Amino acid sequence: MTDAATSNALPPVVALRRRFHARPELGFLEYGIAAEAASTLTALGWTVQAGPEVMRREAMLGVPGAEAIAAARARALAEGADPAWIARMPDGMTGVVGTLDRGPGPVVALRFDIDALPIEEADALAHPPAAAGFGSAHPGRMHACGHDGHAAIGLEVARLLTAAEWSGKVLLIFQPAEEGGRGALPMVEAGVAAEATHFYAAHLGLGLPSGVVAAEARGFLGSAKIDAVFEGRAAHAGAAPQDGRHAILAAAHAVGALQALPRHGAELTQVNVGRIEGGSGRNVIPDRCRIEFEVRAETEPTLDALHARALAALEGAAALAGCAVRTELMGRTASFLSSPEAAARVARVAAAQGTEVRDVHHVGGGEDAAFFVRAAQARGGEAGYFILGADLADGHHSPRFDFDEAALVPGAALFAALALDALSGAPA
Amino acid sequence: MTDAATSNALPPVVALRRRFHARPELGFLEYGIAAEAASTLTALGWTVQAGPEVMRREAMLGVPGAEAIAAARARALAEGADPAWIARMPDGMTGVVGTLDRGPGPVVALRFDIDALPIEEADALAHPPAAAGFGSAHPGRMHACGHDGHAAIGLEVARLLTAAEWSGKVLLIFQPAEEGGRGALPMVEAGVAAEATHFYAAHLGLGLPSGVVAAEARGFLGSAKIDAVFEGRAAHAGAAPQDGRHAILAAAHAVGALQALPRHGAELTQVNVGRIEGGSGRNVIPDRCRIEFEVRAETEPTLDALHARALAALEGAAALAGCAVRTELMGRTASFLSSPEAAARVARVAAAQGTEVRDVHHVGGGEDAAFFVRAAQARGGEAGYFILGADLADGHHSPRFDFDEAALVPGAALFAALALDALSGAPA
Amino acid sequence: MTDAATSNALPPVVALRRRFHARPELGFLEYGIAAEAASTLTALGWTVQAGPEVMRREAMLGVPGAEAIAAARARALAEGADPAWIARMPDGMTGVVGTLDRGPGPVVALRFDIDALPIEEADALAHPPAAAGFGSAHPGRMHACGHDGHAAIGLEVARLLTAAEWSGKVLLIFQPAEEGGRGALPMVEAGVAAEATHFYAAHLGLGLPSGVVAAEARGFLGSAKIDAVFEGRAAHAGAAPQDGRHAILAAAHAVGALQALPRHGAELTQVNVGRIEGGSGRNVIPDRCRIEFEVRAETEPTLDALHARALAALEGAAALAGCAVRTELMGRTASFLSSPEAAARVARVAAAQGTEVRDVHHVGGGEDAAFFVRAAQARGGEAGYFILGADLADGHHSPRFDFDEAALVPGAALFAALALDALSGAPA
Amino acid sequence: MTDAATSNALPPVVALRRRFHARPELGFLEYGIAAEAASTLTALGWTVQAGPEVMRREAMLGVPGAEAIAAARARALAEGADPAWIARMPDGMTGVVGTLDRGPGPVVALRFDIDALPIEEADALAHPPAAAGFGSAHPGRMHACGHDGHAAIGLEVARLLTAAEWSGKVLLIFQPAEEGGRGALPMVEAGVAAEATHFYAAHLGLGLPSGVVAAEARGFLGSAKIDAVFEGRAAHAGAAPQDGRHAILAAAHAVGALQALPRHGAELTQVNVGRIEGGSGRNVIPDRCRIEFEVRAETEPTLDALHARALAALEGAAALAGCAVRTELMGRTASFLSSPEAAARVARVAAAQGTEVRDVHHVGGGEDAAFFVRAAQARGGEAGYFILGADLADGHHSPRFDFDEAALVPGAALFAALALDALSGAPA
């Protein structure tokens, strides 16, 4: 990281985002960013919980192996993380919750996701992070979705709310592993935000231009994330191919079958096989191939049906090539809708800040904030998800993704104002 | 490695084989075994050439990256290799040739291949190398084809021929990267064995039982080894899958198309996609997928036709999914037949040693000794490839592969006797 | 057809539907039903145009071959059609338009589609048409979508409007080949309904229960219907498969690729390969395979993109197997929305008849009435598409499809009342 | 058929071949040619058996439906067949055996196959049958393998042997349904040729040039012929594709899986999906798709293994798409080798006629004469299969296939001489 990334001339939230951007960490491996969040919140006087205090181990899906976790912890320590916080986050339990309790009043919970993606960031000078010297320093990892900005906003909100006057309680939730839909549920099941009367989360970008806020995001599909391993039988590919069972061929048919799962007549659905890896030597009939995929749907029954047909397709593809298949559910998100009150409050508060407001912005991904939103709504609370417009250099999850940093300062201001508005007891 | 592996009670060729077995190295990365061969030959008084002296760089296909080469060299040094020899083998040029010139007479070249496979060796106690303490100490690498035995025989032959009396010249060729068909051609093109009047190579096992020798191996197909990389376009799998171009889907169709390349009406052909790897995150339309495959055929025209149709299938599969594809030829072997004289000489010499001899043993793989055999035959020399029978624990290229070590001592004796017979000027 | 089908006890519109049901005719081959419509309208005093007078030949896609047309004409004649009308409908031009001009006033056009499907009708006694003796008498053909009911309603509306008093002009359009999206465009391009101030069409069933009317149908996707023929090279499958180019393998990859065409992040899309046929003998490498498919999308740009990617997938699949491919566009529909005025008028008129009314009913198919609706709206007219609820025995296009005939009498009454309301000059 | 086809200038065997060529009949439907053979043999004084007398019904696989059989009988009658013979060949039992018993001595059986293929014959003037006016008069049917020539030779042999002097017994077997490997086994199981001491069959062409005879054909693989029907569930492709189960998609995966069945390391194998047909309308999720395929192998164990894996692939492909599959074994051939005595006799007799003789000619197809050969050999008899060289216009099973008719006269002469040689008791 060059001086540019930590220039004093930058607003703190921007400098922070750049530091986070340069050190992307995959889900359940966000030791560096989580430790920094915990240290910062503590320094600001917030009560901080982390690791098993805020995550239920049994609800964690798709946890990386012990070796990957050990490496992530070591790297975070090498990059300056506080060993005390690292020690409190075993086994990939990288969730952090800061609480500031100032007496009677509403309980407002804000969620910020912190994980990055397994993408090799572009290093061309046309790519702003590379040009400005804060490109990823972690090979094969990239903040290509904007969670670096979310995390930076979260800590800026902590500063703003610490400095403001209010009564009630605020929870700032730094959630790991949003990608893959794995981090929210273990926190919800650990009781995080169980007393919240208000819950808000947001996303930068998503096609909404800089300077605009959408009071409500629609179209987040529910999803299931599944890994499958095909197991065949190795044999010499020249001398005895007839003795082999070709696991890559099985997986190839599975890829075709999954991508061709039936569309629905009235709902959006999605399928993606995002990873494949298999085989050993070129002249060995491959005895193993692994794929990682997800299915998405607007409603739970359709998601369940798609999930079931995906599993059946895997079984058929394995049988077709004389192989077996094992599957593992690695993550799951649900669909959700913002409370009308939440959307109204966001619209009112944002407009009061002079921001251009749209009622609804359609997005087509998945978001495990769903579990927080649904839990809050189930208890009668107000819960919403909004969009902070930010021009993009390229689409989310592209190696050339980047967002307009001008969205960060007003984004933090909106979150803070929203919390204060809710804490004031104002109706939506 | 336990004492068992270096027990004094073992014949030297067996002890040597066990040491080689414990330290398997992939093609063009055989720094440890090559340096040991060079050191041993030098100590026995042979003239040794290595690296660029015996390999033409331009003819090397499928060379590992600089990082892998550096790691292999470092490991060999750490395991005791002579730095002087390591220094003489840059850029994966791990070929070694020992020459003993004792004046006028025939020039006999013997070829021993030394590379291992990217296979994780079984560690169950039922697996003899594991039980006897000489299982692979290199994770994910294994001598699963018997080249450890070939290399050990080669050095034992050096000892036997050093001690014998004869006139003429002998070349002992320790060839890298036989797997993948990559190591022989660069040595042939560097002029190795260009003056040989007799050339012999052999393989252990291949279905022939212990105690039996086959005077001639038939059925080695010619092959082409090809890597292909499909390039699509990344996009968010939920928000904008229509903007992506799905490289894994392209590769899946390619796998199906390659495995379904037309059979031939009169010749054996083979196809195998042995490796696949692609994609990044589960929720990203994958923009890259790589496959590694090979095609084999009995004759050159059929191999060329199959090769051409494979490339066309790749192009079609890429186009089908809106992707592009790049291919690289990684290796090539040719089919060949032993000279009748060579087969006759092997049969006669082996029988004289009291060994049971079969005329022909059918094998179905590929063997780049083909280039040595063809070169020798083209110059009017006698060249042959025979089989040293050895009972197997499991098939070649299986994680449980192991061969009957009782084949090593007589195997070395046969090679030595064969060389002496040829050097004597005896007709086949 | 038994007496049951023509029982005097049945309302005329029901008896008519049963007669039509028993004689299903595919698109552009509806000589029997078209001739009956023309004869009936003429008898009622309407001016009737047919064939080239109401269809532009150049706009007809997917026209059956001359042999099929000749057979359909012959069968219609054999079943009693008026030869004069058959003669006026050459080359599959089976459209019929009846006009009743009663002077100044609005011009109201009503569209009724008349074609059947290539489905073998169930003949179990549990299937009402079979039980009541009016099952299909044309093997492999079936009114499995309800167009028999539409056509019967159309002629009943003619009777009702003939008997009513009004001023203005009414057009009753009997449109062929709605299945496949082929019949409407040639009529629109021939100028049919070019002067209409009001246009209405409707569909029975589609999931809406008996007794209910939906004032507006939403969700009709635009579509493209495409045929593709893969051409390879024949060869003896045992003696020389390497000389063949396997057209069925090419088509199989095309099927997989088409069904796996990328979903859209924000729009419903659909793909279906509905027919395949190829090859000759079992022991011949097949040199020809034909597929028939369609793609659908909510918007024209997405439909165009999907169409383009489908064609690219076909080219890739052909290349993959060394084949060529020819494609032909067989039909096309567009998406559309009812005019708000039309929906309001339907709702008001239906409610006035005592019918339960829903504002919107979502359907997921395609409907080439789109071309009439869009043409009317482009001229400033009021155009709408509504749903006549009818309980179903099984889904549309199933061999066991049947609808509740109780929907016919009120359906015709609604169409007639709607026309009279529009003719009266009443605002929507 | 023009005069050209029956020109008096042609040798009788050529004229006969042309008549047969113009009236091709599929397997088990060869009523015309079988009746003519029966009539001719009877007229020559041979004892003729037909239908159930020479075929075991239970062993008949792949018998056409009753409707097709009725149509074939009607056509044969219309084309002049003797009704008495037609009546003796019910249910597709179109086998005919002529016997001439002249007392003690060897029993010599000669086999001639008579069926045609479902191929539309080329009608270009460059195609000799079209040019000379004896192209197929049966649409979609063609003698594209030369069985018209075989049948003509068979009747010419009858004339030659009738006119010759010898002692012993001769059987002339006119076998239906060689294509598909269906006709021989029912005849063998009915006891045809059970007493034969000598059995011979031959094929025209197969790559051997005119004027040459190969004493032995090698490389006939054993085969299994299988039909599979995939059954899914129909649904409207736009409104409810999620309710469908796509039988064409299942079949597409099956095609890919079958064509990619593993090759064998040491044996030739073959696979071909030769036919596919499925679906109904374009906008209906297809609920049915049928494929017809075959697998071939050099040995029975390999054939059995390939057969089993093919069935497993079908089950997997069906499951992959939520469908079911039914399969039916439609035919089966075995591999075989000529008796060395038979090959020697053919070579000696052909050479004595002044013909150029090759010992062995490699062919790569299947041939159900295997069952006759194996049965004769199992009883200690001499049995062989030879090739009558004939230049070809295009490959067997091509629409432009034609063979050099100059091969017919010497072919019949060789068969007759061979029989006389065997009847004479001469050693091979």
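Every chain is named by a letter (A, B, C and D) in the order it is written, and numbering of its residues begins at 1.
Operating definition for what follows: a residue touches a chain if its C-beta (ideal position, glycine included) is under 8 Å from a C-beta of that chain, and two chains touch if they have at least 3 such contacts.
Note that the coordinates shown come from a computational prediction; the quantities given were computed from them, not determined experimentally.
Asks: Count of steps on the shortest touching-chain route from chain A to chain D?
Replies: 1
Asks: Tally the contacting C-beta pairs at the B-C interface and at the B-D interface, and name the larger one.
Replies: B-C is joined by more C-beta pairs in contact.
Asks: Starting from the Cα centroid of chain B, hunt down the chain whose centroid lies farthest away.
Replies: Relative to chain B, the chain whose C-alpha centre sits farthest away is C.
Asks: Per the centroid of Cα atoms for each chain, what is the distance between chain B and chain D, given in Å?
Replies: 47
Asks: Find the geometric centre of each of chain B and chain C from their Cα atoms only, then give the gap between the two centres in Å, rounded to an integer.
Replies: Centres of chain B and chain C (C-alpha means) sit 66 Å apart.
Asks: Two-or-more-chain contact residues of chain B, please, as numbers and ranges.
Replies: As it turns out, chain B has residues touching two or more other chains at 236, 238-241, 246, 249, 253, 256, 259-260, 263-265, 270, 285, 364.
Asks: Can you tell me which positions in chain A touch chain C when the two form their complex?
Replies: 219, 256, 259-260, 263-271, 362, 364
Asks: So in the complex, which bits of chain C are touching chain B?
Replies: Residues in contact with chain B: 236, 238-242, 244, 246, 249, 253-254, 256-257, 260, 262-265, 285, 302, 305, 309, 312-313, 315-322.
Asks: List the residues on chain A that touch chain B in their complex, please.
Replies: Counting only chain A, the residues touching chain B are 117-120, 179-180, 206-207, 221, 223, 225, 234-241, 243, 246, 248-249, 251-253, 255-256, 259, 270, 272-286, 289, 292-294, 296, 330, 363-366, 395-399.
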